[in-house]
Amino acid sequence: MNGDRTTRQALEALVMVADGPVPPHLLAELLEISAEAVEALAAELQAGYEAEERGFVLTRVAGGYRFQTHPDVDAYVERFVLEGQSARLSAAALETLAIVCYKQPVSRAQVAAIRGVNVDGVIRTLHQRGYIDAVARDPGPGQASLYGTTALFLEKLGIDSLDDLPSVAEFIPGPEVVEALEHGLRVTEG
Amino acid sequence: MNGDRTTRQALEALVMVADGPVPPHLLAELLEISAEAVEALAAELQAGYEAEERGFVLTRVAGGYRFQTHPDVDAYVERFVLEGQSARLSAAALETLAIVCYKQPVSRAQVAAIRGVNVDGVIRTLHQRGYIDAVARDPGPGQASLYGTTALFLEKLGIDSLDDLPSVAEFIPGPEVVEALEHGLRVTEG
Amino acid sequence: MPYEVSTSVFEGPFDLLLQLITADQVDLYEISICRIVDGYLAELERMETLDLDMATEFLLIAATLVELKSRRLLPGLDDGDLDEELALWEERDLLLSRLLECKTFKDAAAALHRLSEQASRSYPRLAGPDERFLSLAPDLLAGITPEALRDAFIRAATPKPIPRVQMDHVAPIRASVADAVEELLDELPRVGVITFRRLTQGLVERLAVIVRFLAVLELYKQGAIDLEQTERLGELRVTWLGLPTELSGMPIEEYQG
């Protein structure tokens, strides 16, 4: 049936695009079917991937469903993770991390506004590496994720808490300075 | 054959764990096959997903392969993906982008001359959103930044490279438009 | 009104002219230059900051259009100076090629738009490797001290000045050709003969001067005044002739729509 096919495709698409496990009840809600139907559909997909000898599997982990690579090809994935990624933070990435660190909780858009460039890729990398995490949601429209640093970040930096970070207050120009700067340099309406 | 199966599975797995388009040469290196073999394998996978009516597609975009959701189920995915969706571009931004795209590397002043309006704000927005970047400096006096489009621009359009864009010759107005303009601007009556 | 200037999609002087000539199939002969000017002025007024580049661009176009129009309104000028005639053709060709270029990129932009609309229906997987592989990835924070992080923050948070011309002193322009015509209708009958220079003496804004000039041209077209210029780029003398009878009473009705 057509409806079934679309539901199955939508399930695959949702899990594919998610950057973490998707809870079955959320899938049920989005697909407008029961949680049992979600589980049945997932089982069907799992069997299909296995029969077709796909390089990925649909697994059920603590938080829900997600795609993972097939254990048989772990060696390739390991090499890719080791070799395919840069070993150092770029200056731009370091600035982004610093903003998240000192301004947390902060949204991606806020970081982008400070840096003046798109930071999506950098935020994703920092998130994947576990240095930052979504700690809250913006209560405003859009409910953007607000990011903060993690325990791993503190550990890597060699400090016990954010209070141990060097203070920046005396270095940052206050709002009145920024305003004066902008007034002098920008075109204002007469 | 076993070797083939593993290679195919590894290809699927590598694209699955990548967080951006994976260039064929990197896949070729990791899979220890030729770039041509990678492309053939990818084409085979694409055909397979289509035949099986999967909810995802393997696309070639911005110089590499990545998994994307199938456009047919976009209504479901849209509801799920709240963030990371880039806002629509205004008509002014699109026109500026078209000029940068077809004339790159190009200076702000050159774009402004074509559009007949100041483009500072639009250029800044496009730069902030990561669609264009300063790629060179004008060797002449003033050393103005010359702009070009980015890989993110290719991703935004869903194309593999600038070569996939229609030639600018296709947009040059036809004789009827030229005639209408000539008529509108004719010097003498009649 | 034979046509509408759609200012809501106003994107610059070429756009407006393109729209007028192609979309609306309006002959330049029928376009009231003054209405175009007023459309622009209304738009300039709406802009948050005065865009001198655009104002200049517009003036160049308006000047070319005025010249083309006057050529056609006054066919007797055909046997004028050949150099002037050629210069006018050159201006026209320049304007034409810029309009064609503008149209080319408008259509290219539409194609880019279609591509991006299509692409926006398909969402990429960006999840990255799962936690089993994370320990393999190189430690990106190796060698980074808290001080280095602070310095990076200060670098990022220090506002970068955007160099722009200081224009606080420029008052927003509040003039329209219609207003300028009214002013002239008030002033000219009283003075009779006046040079254009004197007529614009009190005006500081270049744009206001241009608006006055266009108003003068409009009255000339109506036959209300005579213009005299003894040498090229010389003093322009404006002589009040009186309002043609069919126009008196409602002389500038045309501008109010």
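So that you can tell them apart, the chains are marked A, B and C in the order they are listed, and the count of residues begins at 1 in each.
By definition in this document, a contact is a pair of C-beta atoms (placed from the backbone, for glycine too) under 8 Å apart; a residue touches a chain by one contact, two chains touch by 3 or more.
No experiment lies behind these values; they were computed from the predicted model shown.
Asks: Using only Cα atoms to place each chain's centre, name the chain farthest from chain C.
Replies: Chain centre farthest from chain C's centre: A.
Asks: Taking each chain's centre as the average of its Cα atoms, which chain lies closest to the overall Cα centroid?
Replies: Ranked by how close its C-alpha centre lies to the overall one, first comes B.
Asks: Please compute the C-alpha centroid of chain A, do the same for chain C, then give the distance between them in whole Å.
Replies: Between these chains, centre-to-centre, one finds 45 Å.
Asks: Starting from the mean Cα coordinates of chain B and chain C, work out the distance between those two points in Å.
Replies: 32
Asks: Taking each chain's centre as the mean position of its Cα atoms, how many Å separate chain A from chain B?
Replies: Centre separation, chain A to chain B: 23 Å.
Asks: Where in chain C do residues touch two or more of the other chains?
Replies: Only 123-130, 133 qualify.
Asks: Mark out which residues of chain A touch at least two other chains, giving numbers and ranges.
Replies: 13, 16-18, 67-69, 77, 81, 116, 124-125, 128
Asks: Could you list, by residue number, the parts of chain A that touch chain C in their complex?
Replies: Residues in contact with chain C: 13, 16-20, 66-69, 77-78, 81-82, 85-89, 91, 93-99, 101-102, 114-116, 124-125, 128-131, 153, 156-159, 164-166, 168, 171-173, 178, 181-182, 184-190.
Asks: Would you tell me which residues of chain C are touching chain A in their complex?
Replies: The touching residues are 48-50, 123-130, 132-134, 136-142, 144-150, 152-172.
Asks: Using the touch definition up top, name the residues of chain C that touch chain B in the complex.
Replies: Contacts found on chain C: 9, 11-15, 18, 20-22, 25-29, 51, 53-54, 57-58, 61, 68, 71-72, 75, 78, 88-89, 92, 95-96, 98-113, 115-116, 118-130, 133.
Asks: State the interface residues of chain B toward chain A in the complex, per the touch definition above.
Replies: Where chain B meets chain A, its residues are 5-6, 8-14, 16-20, 22, 26, 30-31, 48, 52-56, 67-70, 72-73, 76-77, 79-84, 127-130, 152.
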